[in-house]
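For reference, the structures are reproduced in the following blocks.
You will see subunit A twice below: alongside subunit B first, and alongside subunit C after that.
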Partner chain A sequence: MGYDFRDPHQLGPTTRCLWRARAADDLGECALITAATDLLLAAGEGGGIHIPTMDEFFPPAIAFEGTIFEFNRVTFVRILATVVLCVVFWILANRARLVPGRAQSIAEMGLDFVRVNIAEEVLGKNHARPYVPLLTTMFFAIFALNITGVLPLLNISSNSVVAVPLLLAVASFVAFIVAGIRAHGVFGYVRTTLFPSGVPWPLYFILAPIEVLSTFILRPATLTIRLMSNMLAGHLLLVLFFAMTHYFFVEAGPAFAAVGVVTFGASIAFTVFEIFISALQAYIFTLLTAVYINLSQEAH
Partner chain B sequence: MDSTILAQVTGNIATIGYGLATLGPALGIGMLVAKTQESTARQPEVAGQLRINMFIGMALVEALGLIGLVAGLMFS
Partner chain C sequence: MIDATVIAAGEGNAPEGVMMFVPPLEEVVWSALALVVIALVFWKKVLPAFTRILDERAELIQGGIAKAETAQAEAQEALEEYTRQLAEARAEAGRIREAARAEGATIIEELRTKASQDAARILENAQRQIEAEQQQASQALRAEVGSLATELASRIVGEALADSARQSRVIDRFLDELESTTVDRT
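On to the complex of A and B.
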């Protein structure tokens, strides 16, 4: 019968005890490492924290699957926001009084903000008037579509997929080209945009391509991507914070509740931040449209 | 005895690329806003004009960061 050091049953009592202690220690250490690793890898393993991906923005279709009229949650939110916006302004316009009530005052404050602080400040009092309807529509449409990102049950901004921002950017693109053509004529607009005066002529070889790129490609592209990426990043952040809160409170056990409190506080803070961003993005988009209209109107 | 993985990094290197791409625009926007704040403090009466110019500049500076975001989505 062989003597095996590794078999605790064949050792004396003291040695056996030591062995057990060491084994138990190893086991404890092992368990600790495993727990930590599990926590770190929870992201990649399906269970645990739900990490948001791009699939968030392409939910399964509700109706008309496979056709170009495919209807999903994002499309539904988009149509809902549009209908609510139209109904609200229709009711307010129908009930407009000389002495405004509470709701009418708020609406007038918003409309005044776009007219005075965006249109008239950028374009000047005389030139602003034709563009006020466009800018007002843009501002309130973008704000209504952005704010759905933080409304309970809707929880997604339809500006976080590229379609609506692209449409709005095309509207802005057409508006500033039309404004330029109105002010200078087709030939005059191209000349003032691509060949600004007061530059020695050899520089036009460098300047004209840069102007084409920045005016006709980068302007609409950045308008689109700025709006889309802000809404997309905001949604991902909110999903991440809510998922982490859920994980730390429900699944990770009582020891992690303190971390859960932190993530919950962060999720509230970021919701407020998202409301601010919704209004800010609507403001920036509208302001830049006004600025672009102004730049194509005035001669260089 | 099988090895235990203590920590591992998975995912796309484009994430790091985007992190680098934000450095320049971040500095640019920081300078823009800081200078606009300084100028507004000196001459509060032209605050509106300064703010508009700030947004024009911001649109140009931010374009680089936005291109970084799109590049990450395009090439991954």
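On to the complex of A and C.
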């Protein structure tokens, strides 16, 4: 997904860091998907194992079927995560004291992480302020909706269907365009984005379409797909390991118990890994939004 | 994964291909609702609350630092004042002691002078008194010795010396002789 044609060595430290993050993320994604495919194929030969399918992400409706309020299991998990997140932070905000307790310290750490380590570090202290609420909302919304993927009984992330990632990508898209227009005006923003200075004019025939593609299409598309596919692959992996563990322990007989131990260990490891991925994807999405806003402001 | 989707096709309602990335309308509605609620809670409630707490805390810490600085400055000032007063007090004590010593010396000097004057006066008086007494005694002695001698002489020589003029002449001569012998002896 190296859609940004610019040479990373010519970019600022933040952007270079982003390139690294993006590269690492893509590698992780590839590894995950490859692993998932291999395991699925292997499991398919075994038979008797519940193989996770795409239908898991599109369960039958449980309420309001046929209306625009159609409600299914994934929607339910999403609403539940939203309510829990809001209630927890509402209570913490009401109980916020000058001398923080344990819960408040953790909440403050999270909020400070977004404000200082993402917003202020990428945008600079002066420019960050108007975007802190957007970035904070993004980070915590993505994390809350991701983490349901490893919670028992819920076991699915509502970010593994396209709606939320897409809406968040649209929010990010609007934010960086608004930031660019605020900084340079409408024409200024279009000019600085599509026709960067310091390039001989004939190159603009190539450059402008590439910039349109990379800035206005690939940025939101990659934001959406990166988040969604990570959550989707994570869910498939976890379900597969749980199903295989169940199969080897219960159905395949004692001879396979040792294999079951391995798959059970793997399912624990991948649960921990998924918790990490939940936070990492929230961080990457938020960081990239901040970087896009910064690039719009600084375009020249 | 492709195998899995193929197997799954027909059983469920999972979309395929690019339709996976086109959310059905109800999904968009619920997602938007969830995100809007989260955004509102963070925008209107959580962030203002925590920002206020952070500001208050920063203010408190800065106020505390300022207060501590003021207190320290005041303490420093008090210490300087105290040291200054102490030095003043010491200097004054020294001055007073010096003055007292000088005054004591003067008083002693005065007393000594007065005592020596008194002594001199007493000595003089005594000498004068002694002189007067000596004189008185010598006169009395002279008169008595004269009368005794006269009486003795008159007893010896009889009435011959009854004449007073002669008598006094004889006494004077006797005394002069007596005196001269005394002078010679000394």
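In this section, the second predicted complex is superposed on the first by the 253 of 300 C-alpha atoms of A that agree within 3 Å, B and C clash if a C-alpha of one lies under 4 Å from a C-alpha of the other, contacts with A are read in each partner's own complex, and residues count from 1 in each chain.
Criterion: a residue touches a chain if its C-beta (ideal position, glycine included) is under 8 Å from a C-beta of that chain, and two chains touch if they have at least 3 such contacts.
Please read these numbers as outputs of a predicted model, since none were measured by experiment.
Student: In the superposed arrangement, which partner chain does A:55 touch: subunit B (first), subunit C (second), both, or neither?
Tutor: second
Student: On the A-aligned overlay, A:190 touches which partner chain: subunit B = first, subunit C = second, or both, or neither?
Tutor: neither
Student: For A:259, is the partner it touches subunit B (first), subunit C (second), both, or none of the two (neither)?
Tutor: neither
Student: For A:71 in the superposed arrangement: first (subunit B), second (subunit C), both or neither?
Tutor: Only subunit C; A:71 stays clear of subunit B.
Student: Of the two partners subunit B and subunit C, indicate the one touching more residues belonging to subunit A.
Tutor: Answer, by number of touched residues of subunit A: C.
Student: Applying the document's definition of touch, where does A:132 land relative to subunit B and subunit C: first, second, both, or neither?
Tutor: It touches subunit C, and subunit B stays clear.
Student: Touching A:161, do we find subunit B (first), subunit C (second), both, or neither?
Tutor: A:161 sits against subunit C, while subunit B stays out of touch.
Student: Quick check on the superposed pair: does A:284 touch subunit B, subunit C, both, or neither? Answer first, second, both or neither.
Tutor: The answer is first: A:284 touches subunit B but not subunit C.
Student: Return first, second, both or neither, reflecting whether A:226 touches subunit B, subunit C, both chains, or no partner chain.
Tutor: It touches subunit B, and subunit C stays clear.
Student: Common interface residues of subunit A with subunit B and subunit C?
Tutor: Of subunit A, residues 33, 36-37, 40-41, 44, 225 contact subunit B in one complex and subunit C in the other.
Student: Which of the residues in subunit C end up touching subunit A in this complex?
Tutor: That would be residues 1, 3-5, 7-8, 11-15, 20-35, 37-39, 41-43, 45-47, 49-50, 52-54, 56-57, 60 of subunit C.
Student: Residue numbers of subunit B touching subunit A in their complex, please.
Tutor: Residue positions touching the partner: 4-8, 10, 48, 52, 55-56, 58-60, 62-63, 66, 69-70.
Student: With touch defined as at the start, can you tell me which subunit A residues reach subunit B in the complex?
Tutor: So the residues of subunit A in touch with subunit B come to 30, 33-34, 36-37, 40-41, 44, 117, 121-122, 214, 218-219, 221-222, 225-226, 229, 284, 287-288, 291.
Student: Give the list of subunit A residues in touch with subunit C in this complex.
Tutor: Subunit A residues touching subunit C: 33, 36-37, 40-41, 44, 51-55, 57-58, 60, 64, 67-71, 75, 78-79, 81-82, 85-86, 89-90, 92-94, 96-98, 100, 107-108, 111, 132-134, 136-137, 140-141, 144-145, 158, 161-164, 166-168, 171, 224-225, 228, 236.
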